[in-house]
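Same chain, two partners: subunit A is paired with subunit B first, then with subunit C.
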Partner chain A sequence: MEPLSAFGITTQIFIQLLPVWVALIATFWLSITYKRRLGLYGKLFDSVVGMIGFGIVMFWVFTGFFGSLDMILTHDPLSQISGMKNKVPGTPIPDSSVPYPHYLLGGDNLARDVFSRVIAGAWVVIRIAPLATLFSFMVGITLGLPAGYFGGRLDTILSFIANLILAFPVILLFYLLVTPEIVLTGLPQYMAAVLFFFPLVFLFMLVNSRFHTQPSTRNIMVAIIAIVGGWLYLSLVSQSGGGSAITVLPSALDGFDIPGGLLVVFVSVVFVNSPTVFRIVRGLTLDIKSRDYVAAAQTRGEGPWYIMLWEILPNVRGPLIVDFCLRIGYVTILLGTLGFFGLGLPPESPDWGSTINEGRKLLSVYLHPALPPALALLSLVLGLNLLADGLREESLRD
Partner chain B sequence: MGKFILRRLGVMILTAICLTYIVFFLTNLYPNLEKVAKFQGNQRMSDEQVTAWLSTNGYLRPNVVKYGEWLGVVPGFTHTTDEGVVKGRCVKRGMTAEEIPTFCGILQGDWGDSNVFKEPVSDTIAKRLSLTGKLMLTVLLVMVPSALIIGIFAGMKEGSRTDRSLSTVSILSTATPEYVSGVIFIAVFASSAVGLKWFKGSATSAMEDITFANFTLPVLTIALYGMGYIARMTRASMAEVMTEQYIRTARLKGVKFSTIVIKHALRNALIAPFTVIMLQVPWLLNGVVIVETLFNYKGFGWVLVQAASNNDIELLLGVSVVSVVVVLLTQLISDIGYVYLNPRIRIS
Partner chain C sequence: MSKDAEYDGPILEIDKLSISFFTRLHEIPAVMDFSAKVMPGEALGLVGESGCGKSTVALGVMQDLGVNGRIVGGTIKFKGRDMSEMSAEELRGLHGNDIAMIYQEPMASLNPAMKIGKQLMEVPMIHEHVSKEEAYNRAMEVVTDVKLPDPKRILESYPHQLSGGQQQRIVIAMALMSKPSLLILDEPTTALDVTVEAAVVELVKDLGKKYGTSMLFISHNLGLILETCDRLNVMYSGEAVERGSIEDVFDKMQHPYTQALFRSIPLPSADKNSHPLVAIPGNFPLPHERPHGCNFGPRCDYFVEGTCDQSFVPMETVEGHDLHESRCLRFKGIDWDAPLVATNTTEKAPVGEVVLKIDHLKKYYEVAANALFGSSGSMKVVKANETLSFEARESETLAIVGESGCGKSTFAKVLMGLETATDGKILLGNTEVQDIPIEDRDTQTVSSVQMVFQNPFDTLNPSMTVGRQIIRALEVFGIGANDAERKERMLKLLDMVKLPRAFAERMPRQLSGGQKQRVGIARAFAGNAQIVVADEPVSALDVSVQAAVTDLLMEIQRENKTTLLFISHDLSIVRYLSDRVMVMYLGHVVEMGTTDQVFSPPYHPYTEALLSAVPIADTSVVKEHIVLEGDIPSAMDPPSGCPFQTRCRWKDQVPDGLCDKDLPAVRYLEGGHQIKCHLSDDTLAQMVPVIKLAAE
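Right, the complex of A and B next:
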């Protein structure tokens, strides 16, 4: 086999990413066709910046997704092929029995395929970052609304705690929390037990405050939340196996186990982000609660949770959606930071931060192992920022 | 104003106590203590030996007592070894039994000893902090003026081509965390394989002698990430000011555009960025840790990494006290400065 030229590499990567292009074109075609019926999402397609951002973000979402379905990867991201150590992009593999004849972006220090690792790393980010951001928002909203709405001592205490967490340098907190020793003590599981309880509370309050006048509907919905959410919650919190700090569910009922390393990463990212969300929601609530429609709801005799969740929250959705996009980008950066310092995720994990960290050691000689993940992370965060900008512009327009 | 500062100081001290206690609690969890024991004793200690070592050295007493000792409000722990020598946290080498002080915590100015560096924590921190201070100062000198200039030029004429391109630059810079820009900078400017070879990829030599070649890349790397955010805030604030009535009046009077920007707009537009800049300082600390690791500059951030990865309890506490004080002080300064700059706001 001949080594590939730069043009050859580009073409091959383009062909490998074919499912992503198809999915992207389909998404854009459908969205632009029906954009007038899609609300804020449809309006996004009126702004060039927003469309570019959305395109980049969806590119990585599809890449991660199809990568996890094994449609894009050319090699196994963890397996090593001898003779491919630090080889430049486009090097053919000496052994002809492997399914794909080249390392498209070269081999890394341990003779693994850089291209496949970058694609596999996208899936790590796409799986964790939006979910962690969603959880931080649930925690922040559930605490921020009452703090802003009721004020008083509740507000003082919650704000003090939020400022306390914010005063911690993030890296110090990560170094203290995300270590194998802390995982051994079961602390992440306790934190998970506390933090993941808020989404349940949030959903319960959401349904209860709206439907408490129709008990039959309310009871069904609350039961669904309690059973599905409760099961998810308990499966998430309790781990099967001997070393678990919390075991509520018997292992037969335990739906899934999250490896300790991943759980601690997830928990710390949620923990670091929720105080900021709390402050944003609290500030917005303080601003909105003096509006006339809130006073009208109070006069009607609506309960405080109804006013907070069904009157105030929908009216602050604009800034929150924008912050949501920005925050996914920030969480991506945080995950990269964790990987960069080798915290939490296993050392051979293909996530971008770990790959950059490994590649930087030989950076002055070999550039190709470190640059692709760095550019991947940069483009995803850039896409999210542009998307947030587009959304902000479009939501301000009306 | 005096009352306000006093109250803020009170909250600050409370926050610092809570935070250091959290650090104390986390570093004193049993698996972490086991690591300390194995670091101090030897790696192949059995579980019983670890427990024995920990209890003779006083690590297994309640956290509150140990924390009190560290603060200096509880008498320091001492124990007598089999040979009849008195040992304890207050005992320094070459002290006789009478000289040993009862209290030795940070209130007495004793920050304890670092296990990793084998020297007093205060010495380590002072030495490393001065190195990082130089880095931070240079970063601020580069970052703040350039961010303000970008923001002012972008916000001057909202929606213009200058605005569009400068805004794209600032979005790009906020999307580039230090470990990405650092890697790219090294690849482009320092790599011996293909790069331009203008600068050095390591800042180790900058610890003694700062030169343009060895200090530019670390400074640029940190400055770039923070710059975009400040620039965007400045742009937003500038754009808002430019729509005010008094700017329109000045334009209709026929005042030159540059005079309007410099004399009328700038002063009001710089209030909001000031707060942002002050609040950005704690974030620089994150960047410092990453950049010092990446460029091998042995300053405060590097010490943090060393202390945390070896569970050096006293050093970690010292590091967290310093960083917490930095965070809280900048918050205080930004609040006071905000009032000072903006006479419309009065506290209480």
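Right, the complex of A and C next:
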């Protein structure tokens, strides 16, 4: 078997990513065709910057997704093939029984396929980053709205706590949270119990404030939230097996377990991001609450949560959506940082941060194991920033 | 000075100017075929509704149209020189030196981080390279000229330390620093209170005479134009539709739009029952949806199919008048003197039971004197409402008149239950509600007292459909058994406010200001409100729309026997629609009585000044000229004794300095007319009417 040339590598990668290209083309074609009917999302396709950003982001989303479906991976990201240690990109595999004849982007320090690890790493990011950001937003919104709307002592206390968290060095906080001793005390699980409760509160308030005038509809919706949300919440929080701090659900009912390390990462990311979201939401609420439509809602006797969630929140969505995109980028960097320091995730995990850290050790001799994950991280964050720019630009235009 | 004083032709000559803005999709013509001429020392008024292109003309003259705007035809000549041929440097020399502009929002025109003195001195230092001392003296001189007290202190202060009126005076001073030959004023007083507006207008007029400056005065207010200008240009949808001298246009108008405009503003002769206002039907066309032929065609009473909708309508000279032109094909054939046939006169609705009784209502706010350590520092009390007592009856319109800071909005808040009263009583029917905040009021009470808000662009939630917002009110008020019934009721409410039912699915941004205000009215009446507080419901609307919305409000009131509390500072509209009037100043009710009592002598001195301050667009009206000195005192630090004593022109008529010492008690004159003033009955009897029709 001959080693592949640079052109050969590119072609092979292109072919390997075929499902991604198909999905991207389909997304763009559909979006551009119906862009006038799609609101802000449709307007995004008027801006070149926004389209580029969206394209890059969707590239990684599809890559991660199809990667997880085993449509792109050439090798198992964790298995080693002897003789492939630190081999340059395009090196053929001596053993011909493996399904794919080459290491497209070479092998790493432990003779694993770099290409497959980058693709598998995308799935780690795509799974955690948006979800963690979403949870941060739920927490930040649920606390930021009342802080801005009621003001006074509540605002003072919440803002103080937010500032306290922000003032604490993030990396130190992470080190603290993942220390085995701390994990054993169950602190991350208790934090998860608190932080994951906010989405439930948020959804309940959202439905209750809107439908309290129609008790029958309200009761059905609240029941759905309580059962589905409650089950998800309890499954998330309680871990089956020994050594868990919180075991509410018997393991028969426990829907799924999150690996301990992942939960810690998730909790930490939500914990450090929600204060910033809190401050943004609080500021926006202060601005909107003096509008006449808020006064109109007050004069017809609406409750504070209706005003906050249905009169104020929808009207601050513009800046929040933009911040959401930017924040996914921060979270991606944060995940990279965590992986780089080996915090939380298992050491063999293919996430980009860990991979960069491993590649770093031999950087002066072998560049190729560290470079692809670094470029992947860079391009995803860049894409998210461009997307946020595009959204901001288009949301200001009419 | 380097200015060519020998030039005696027109200062500004605009000939067939056309300006367009270019967007991604199309070209939007903002101004078309606009001609005007300003002679030395002359003031030209530019009047029209929002979106008619009047500000664009001003920006065109300033050659400041931004990236998207471009002059696509015609010329602008300044002192005989074509401005489009001037270089950027020449234009810079012209701006602030020969041409100065005053904008609507004074705070936005001043640099908040720079002291007033420094901002003023910059003008001659940059344009004429004069020394610092010279510039300082000049600054001192103009600040004195604009009648600001204590010029030295003013020059040393930052913009935020001055009131809105003072800021606008500073902007005027800055414009006058370089003794420009042309002053462009773009709605210079719209953001100010009426009495302050009157003083600023007076100042602009005087300074115009003193410096011999020509002025281009842009306003939507015909009354202001009448007071300030020599000639005027009426604009509609990007075109000048009529131009001529003030007398010709006001009294011998030759364009249907001008006529319709005058019929839709509440002049002293209008009356809601016998001489109702005539609203202009339809809506202002959007720039890219203008009709073929005459722009005003679809809304015009004299529209003739086949004539008016054929081709471009040119400006034509009216024979026998002084430079009077009209953009109408049929103006020669229209009988302009035909009296307006009052089509829909109505009977005055009988006034019923007392539904609302306010008894010695007080609302005080405690404000921390020291913001940082509020609880420990001394507290200041702001008396927002001081012993309010009045009754309002079914089907009655009670106007609450006063300028900003007089406590009218605080009163509305207390009545609605957004705040609770400090003392006194509010009786709604038979229930005392002064201490019940809105969350503790029962649905019946909440739905029976509703509010219509001032700003149409703010009154609707921008991210909810119109129908949804009305349905929400119905849901909260517990009206309708299910969604279908509520939907039906919502559509009926849309019918009631004369909006097409299709609007239910629209988002607020797709509606014009007047339409949004109608939705706001529909929402307020969703729960069959008994009392509706209308907080300046039409003041942010265009003149032609104001009349329609006012009429709608009156009509709904007649049908529902609603009590309307009409909060306003605009006395013309108050006179037109209210049965009784309550005048407030710094939290006190200074005068209350029926509309006739309040609008005729004897007046409270503040009412008198207010009446004189309101510009009236009627050449036959002669006004007593009263200009109040200074600004409204801060409610944080009210004057001792009578609240109005700092600005009262009758103060010296009261012996022993009583005005400084004692708060006057409420006095009852004949017919239940109340006045809070120390003036003796004799002095009050000597007062003459402020507004007189010249013919009488």
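Simple rule for what comes next: the second predicted complex is superposed on the first by the 398 of 398 C-alpha atoms of A that agree within 3 Å, B and C clash if a C-alpha of one lies under 4 Å from a C-alpha of the other, contacts with A are read in each partner's own complex, and residues count from 1 in each chain.
As a convention for this text, a contact is a pair of C-beta atoms (placed from the backbone, for glycine too) under 8 Å apart; a residue touches a chain by one contact, two chains touch by 3 or more.
Quick caveat, the model's predicted, so the values are computed rather than measured.
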item: Touched partner set for A:386, first subunit B, second subunit C, both or neither; value: first
item: Partner chain in contact with A:184 - subunit B first, subunit C second, else both or neither; value: first
item: Touching partner for A:300 - first (subunit B), second (subunit C), both, neither; value: second
item: Touching partner for A:311 - first (subunit B), second (subunit C), both, neither; value: second
item: First, second, both or neither for A:214, with subunit B first and subunit C second; value: second
item: Which superposed partner A:163 touches (first subunit B, second subunit C, both, neither); value: first
item: Touched partner set for A:11, first subunit B, second subunit C, both or neither; value: neither
item: Contacts of A:33 with subunit B and subunit C, given as first, second, both or neither; value: neither
item: Which partner, subunit B or subunit C, touches more subunit A residues; value: B
item: Shared subunit A contacts, counted only where both subunit B and subunit C touch the same residue; value: none
item: Residues on subunit A engaged by subunit C in the complex (per definition of touch); value: 46, 213-214, 291-293, 295-303, 310-311, 314-315, 317
item: Subunit A - residues contacting subunit B, complex; value: 160, 163-164, 167-172, 175-177, 179-182, 184-185, 187, 329, 333, 336-337, 340-341, 353, 356-357, 359-360, 363-367, 370-371, 374-375, 377-378, 381-382, 384-386, 389
item: Touching residues (chain side subunit C, partner subunit A) in the complex; value: 24, 416-418, 438-439, 441, 443, 446-447, 449-451, 453-455, 458-464, 473, 475-478, 520, 523, 527
item: Of all residues in subunit B, those that touch subunit A in their complex; value: 11, 15, 18-19, 22-23, 26-27, 29-32, 34-35, 171-172, 174-177, 179-180, 182-184, 186-187, 190-194, 201, 282, 285-286, 289-290, 293-294, 301, 304-305, 308-309, 311, 316, 319-320, 323-324, 327-328, 331
